[in-house]
């Protein structure tokens, strides 16, 4: 399907501060960015760069006063996501070197401490895509979605204990449990069609049988219609906006609309 | 200034062929891409990647029949280009490693054979930005701009002999002469405001005093208003469209318009 | 000075397992590897690669039985480390993009939770190299070096609470406190001349005034004579040996000897 | 087999000059560097870096006077090279993006001008590994090996005309002919066991069926026992020593010895 997505942010900046944006999606595996509009008001100089994970980042200095940011894009993305239940998990010896660092524990995903729970969840499931499906289902069924139950410092270890969280926590726990059984896993943030309520969303991907597969432990019926904005080890890597100083965010609007094409009408 | 640039191409494809496009400008040094629209008709799957030189490339398979390509962008770019006449040329020992390969001869820039002419042009000019200015001026005054006087296989060595060429040949000769005196130089292609007649343009950059400076041996009064689309060692690296098979290009339209902002009216 | 360093490891492998070694130092800033010998017994196929942080890694499959690893190198390294007390800390807007990810919290360095303590340590120290020196001194004076007081899952947050640890914990705390005041910091592991008792060592580097400076919160009189083996965000990135399965390490020998040159005798 | 290879160079330097060495082999596909010794006399500061093609380079400033360079290594390398006659050539659409630039013409390999001869050589050979074998055989049979028949500026186009050259010219022609039929090809320089007379050698690799295969148009019975030192598009990229100034090379010694292992005796 073709989606029009946008994110609009308004800030009050109390004194000049540095900021890094990571809200410019790039074409890639299973998504094609056809059109894009990136606006800053006031218009300030921008340094654009690509980070370690391939994300497109913009560094700016925000002057004191009102600051508006707006990103709009049109993207093609698959209607459904694919899965391959029998795709085999690979031993570490078979993994490509560029995914190896997604096996390591990270700030919010202490996989080194979640081995026992991961093992008990996957149990005797054959060593394939099913194991990660089991992890996803276990989180979906055992962790309660509760706004306000966690904050920006909450980690997978805490979520495994409190059994409560939001999409970011569900993703962190999924990532940590995958890594605990030696499956590379990474954080994804982006837009999702028909998300309720509409907002930026977080989910995860696991590397199985030679490629990345999408998993979402939050949604009941996870599907396609996703535009990836950023990848990383965990939320520490994919902050969509980092502001180094004092500010107030007064507005955040996210929208995702399906584009009806002539041939579909 | 803010520019709206576009490039529209139409092809007749005789049988399915592979194609690589390199016509999607990216934000960078002295340019900020604010808006962009990249359209292929019919819509075919696209693999987008970044090449060795940081260019944004799209690989597609074009089906038999009519194929239309259209890229539009809005970009901020400086009104004038800057220069720093006293910026010193650096010895090879001082150059950053990432520019060293721009010292090497390449397909169309046989710097290894142009040492004598380069030395005679720069003469006793102090070892700074002036040397490259002299190279530019020499080319501008000694090479005749003649459409049809060269083709896609013409190299700097030939241009130095025939003393005729088009913008691409002027750029190749500038690059080759710079490298011959151990100044890193690279090819640039892109859009230029008020180019007559309007078309895609080629020029070159030389690395002086710690950064790249723009030089254009073709234009009488070279200035800013440029949107860079691709960088490379020479034309071999920056083919804007590479089609691997039989085709006819029926239309090519390039436009560059200055955007008048409210505050300027 | 010129150092001969070596690391010898012996394992009993209970069943074939994957392993990754990160024990091959590379030439770089302030070290020059002149000679090197890397031996595996039995000799097995090796895949060598460079990770995200520039470390030279070797992936192998260890067969069941005895496995010996030995790395020897001769390196030039400065006698003392340099420091520049007045070098200014840079605002985030001034940092080069390649060091930005060293500002983020990581598995063992929860800088997002150590802001208060970091601020109280640096107090009113001018915003320069002195701030990091103060962090180092504070750790050295307030954390007790106690073997066995921590394990591989201990993080900077825990060390800040228990006030006990080993070199790895000292480094993690230093890194976390630096990041908490927006100073990029990274983990270093390597060889140190005259370390007592001799072993592999961990310390940290902070990015100040345009380059990395070395800090060691463990040693009384930290100095040069260091051969860096690996860099990373924290210990998760720089495991010198990662074995994915069951094994016993029966021997680990580390040696660092100064090479006396003819001219010094 | 296991080989001990070395290269020893002696220079007389007339005035301080910049130099770049590219003579430090790295472990990689089909070779494992077990031991290495890199010596410069006098000992000068070295900046080591990796170039665009993954080669390990050292930049130094050579002082006036005598300068000695010596590199020794011990490497494992296959006894024979492998080939896969039925491995299919891939269409451009199927090639991985990282090999695409090896399709482009380069300084010494004007593939854009050798299409007719390449097509006539491969004729109706099925579109697989055999086509490149045919190119190799054609060069071996039609180009005369003559020391002194070419120099450092000789290109594949000239070699195709004069039908004479040395190993470097044979490699350039092989590369240019491969690229002319859309097969990615690259230059290789390194050590070869039992080369007569012993010297550094140049050959080429072609990308077929998903990986690189070795071809050597110079040798009668090309085989294994090769240690790769550097890869590139052509000789412009793989100069083993680049000296930017006045010098005399007084000695060059290359040796390659097979190491007899206890188990083979």
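Letters A, B, C and D name the chains as they come in the text, with residue numbers starting at 1 for each one.
Here is the rule we go by: contacts are C-beta pairs under 8 Å (C-beta built on N, C-alpha and C of every residue); 3 or more make two chains touch, one makes a residue touch a chain.
Quantities reported herein were computed from a predicted structural model and do not represent experimental measurements.
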Practice problem: Tell me, please, which chain's centre (mean of its C-alpha atoms) is farthest from the centre of chain C? | Solution: B
Quiz item: Roughly how many whole angstrom separate the Cα centroids of chain A and chain C?
Solution: 31
Quiz item: Rounded to the nearest whole Å, what is the centre-to-centre distance of chain A and chain B, using the mean of the C-alpha atoms as each centre?
Solution: 37
Self-check item: Centroid spacing, where centroids are CA-atom means, of chain A and chain D in whole angstrom
Solution: 44
Quiz item: Residue numbers in chain C touching 2 or more other chains?
Solution: none
Practice problem: Report the topology of the inter-chain touch graph, choosing from line, ring, star, complete and other. | Solution: ring
Exercise. Chain pairs that touch, all of them, please.
Key: A-B, A-C, B-D, C-D
Self-check item: chain C to chain D touching residues, read off their complex
Solution: 26-28, 32-39, 43, 45-46, 48, 50, 58, 76
Quiz item: Hey, which residues of chain C end up touching chain A in the complex?
Solution: 18, 20, 47, 49, 51-52, 57, 59, 61, 91-93, 97, 100-101, 104-107, 110, 112-113, 152-153, 182, 236-237, 244
